[in-house]
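One chain, chain A, links the two complexes that follow: it is found with chain B in the first and with chain C in the second.
Moving on, here comes the complex of A and B:
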């Protein structure tokens, strides 16, 4: 464990000699990230697996809506040389397709299904990436995209509850409905970072 | 023979949490099975993007219901990595005490949970009684019993109360004195032993194929693959402890490893209490109003060793007051979803509940 900084350097040299790296970031002595082209992902993952990064820890996506891109993230880990490697790649947001890594890491099956469900990314090669996993009978756009608005969705989906009058006040006190609404507005203002 | 469809869960004593295992059985041999998650989906990953960094502290412990502290730790570690923040020495030790107490509580609960699929409820009541003592200690330290919101980015929320060492020591002594009794109730009991010996094997190849971590992995590959040893976070590198391993993984070995970890956790807490220095427990991560604190942009993955394996948070910041994206890597993803689909078929119907229990499948962290 004492030479773990060498591990980052070791794998960086190994990867940079064989692959074109768009961007490299060293997070700390246990983590490094490579941004690569979409075409290089599969060969790089199998290269790492051959070199001991046998465990797929995480697979997901990020929605960069301003650049009109999705960023796919693969995180692999080696238990003997403890370095987490993030492999990131940008894919088109309008037609998001990425070939499945199922032959390389069989454990990715459900991560890819989840990414399809929450971002709408297609993974040809994975036999049931289109089956629903968590969201039942979902009829809107994939919910983790940045342009999905949960408030608008719940307003359109469910009947609005309106409480025009306060509950019956036995002691004849004044209604506190207005004060509560004011308080609620203030809370929303604070949540939006003080924007009015 | 005709195939028949059966459900294990969500209302079943052998199913922990709100998920359901659908099984097609022929006689009592499972032909096909899959886990149906989604009954507890609360949209946390979307919700975290809509809350500020500090507000999220109240949201993250809810990701895993029975073991909330690992969530706080992974999130706090990730944010500190992005900020390049060094936290006080005392905070590290308090964090370790909390994490190990939480590990004791979940191990006791999981070991007690072994009682329900095997039909031996005495074990469960004993384990829950001890877990209650841990929750009492948590209540004294943090003010909450289950969701503590205690480990925050920058340290811990407040210092330990005076005299809590006495409570913790008396609990640990009590648990240690009854440790053999626990073994006799569960793993040495002939009734339970007949059910758990040589059932649900997990060979090392399957571990690598599925990506199982934690006790399942260590009991199969015979190596100390524990994140606390492999890449020590907090101050685990200054504490002496062993990682229980085994070369043959069946239900009994995994339960045995779990019980040995209880002993190690007791030792870790004692060492932490002895080694803990005096001083501050928290550094502020920003200036001004806490709702407007920002975190420098970057991508970071932080992982801790939970009772079920590697539990990680993938945090993306764009430099704003809110996280841009937070992804949660639940430790029970491989064995819970892919494992049940691929390797549960072929076993007997009554082993399904044991799979869920001894592998450690936590449905809230699958759904999120």
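Moving on, here comes the complex of A and C:
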């Protein structure tokens, strides 16, 4: 286990022999990423679980709005071999449904709720996926979709402070802006050893 | 026989006197509930400890809202936090004062366009003193506390009275931003 690159090669051989990999990417000696078909995710994850990658570190989604796709990322972790494996899959953006991996990794329960809350992806198989987790009483489209405009939402919902004037000169003081700029130049000069 | 002329004070006068006496002791012994929501909370350790020593002003930290005088809101407030903050504020015994630290409580600061963070704190609860800055340095924080003492002395720290008088307005704002103020928490229900 001393040479970590061997671990990446080991896991690449292991996965590529049994599953159809759309795209493989070795991020570094501790991370490897596989893009697979949507149908293969469950069997691949349980296969990895039996081979030691028994902890689901994270599950989240990426919104590729130009391709009209959501990319789901499952990151699994092994306590013996120092390699994180990312399993990625693309699902349809208009009707985002992905079967839950609750039978394989029970810990995915909250990650799936989070993904539903922030991206609107449905996870049939997980009884709680529609419950709110982080946002409370959310009343708009899921906020991490790229076509959601947070500024427009903030403007419509939260009162903004209005400033009638940008700057108020209370007792007719002279502007010290020029002095400040000179001072700043001097400081830079001194810092650079007399050069500008 | 000499005697001091004795005039009967009206009830208003007596009340005012007692409030003045109360305010004198109150402003010299302020207990503060620190609601450390954001990054401005990092200015509090130097304010509390030997560097600036808050205790020389007679201020101390308090762990529970019911025994605290000041609610110190340090930093941005998400909607989720604001719900808990309103709960906390309404639990505090009167008179109560609110100090807002940082530009996030004033106008949203760097989170002004976030979907989750409110922009003005004084729309939802009354604020007596704002300390501007992102983040304000510790001198400014201490100065804010001294300002608050001055406001109590001159009877201008009336945020808690305002919360009674314009309660409908505050409640309407809270309802508009939060939908419902009541907290539904699946882990405690």
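Of note:
Methods note: the second predicted complex is superposed on the first by the 161 of 196 C-alpha atoms of A that agree within 3 Å, B and C clash if a C-alpha of one lies under 4 Å from a C-alpha of the other, contacts with A are read in each partner's own complex, and residues count from 1 in each chain.
Following the convention adopted for this analysis, a contact is a pair of C-beta atoms (placed from the backbone, for glycine too) under 8 Å apart; a residue touches a chain by one contact, two chains touch by 3 or more.
Predicted model, so just to flag it, every value in this text is computed and none were measured.
When the shared chain is aligned, chain C comes close enough to touch A:159, but chain B does not. Applying the stated contact rule after C-alpha superposition, one finds that A:150 touches each of chain B and chain C. Between chain B and chain C, more residues of chain A are touched by B. Of the two partner chains placed around the shared chain by superposition, neither chain B nor chain C is touched by A:65. After overlaying the two complexes on the shared chain, residue contacts for A:187 are found with neither chain B nor chain C.
In the superposition on chain A, contact of A:139 is made with chain C only, not with chain B.
Shared-chain residue A:107: touches chain B; no touch with chain C.
Shared interface residues of chain A (contacting chain B in one complex, chain C in the other): 134-136, 143, 148, 150.
Listing the residues of chain C that touch chain A in their complex gives 79-80, 83, 106-108, 112-120, 123, 173, 176-180, 183-184, 186. By the touch criterion given at the top, residues 37-38, 41, 43, 45-46, 50-52, 55, 81, 208-211, 213, 223, 225, 229-232, 237, 291-292, 298-301, 303, 310, 312, 314, 316, 321, 324-325, 327, 329, 333-334, 337-338, 367 of chain B touch chain A in their complex. Chain contact summary for the complex, chain A toward chain B: residues 1, 4, 25, 27-28, 30-31, 33, 54-58, 60, 62-63, 73, 75, 77, 79, 82, 84, 86, 88, 105-107, 109-111, 118, 133-136, 143-144, 148, 150, 190-191, 193-194. Residues of chain A that touch chain C in their complex: 131, 134-137, 139-140, 143, 148, 150-151, 153-154, 157-161.
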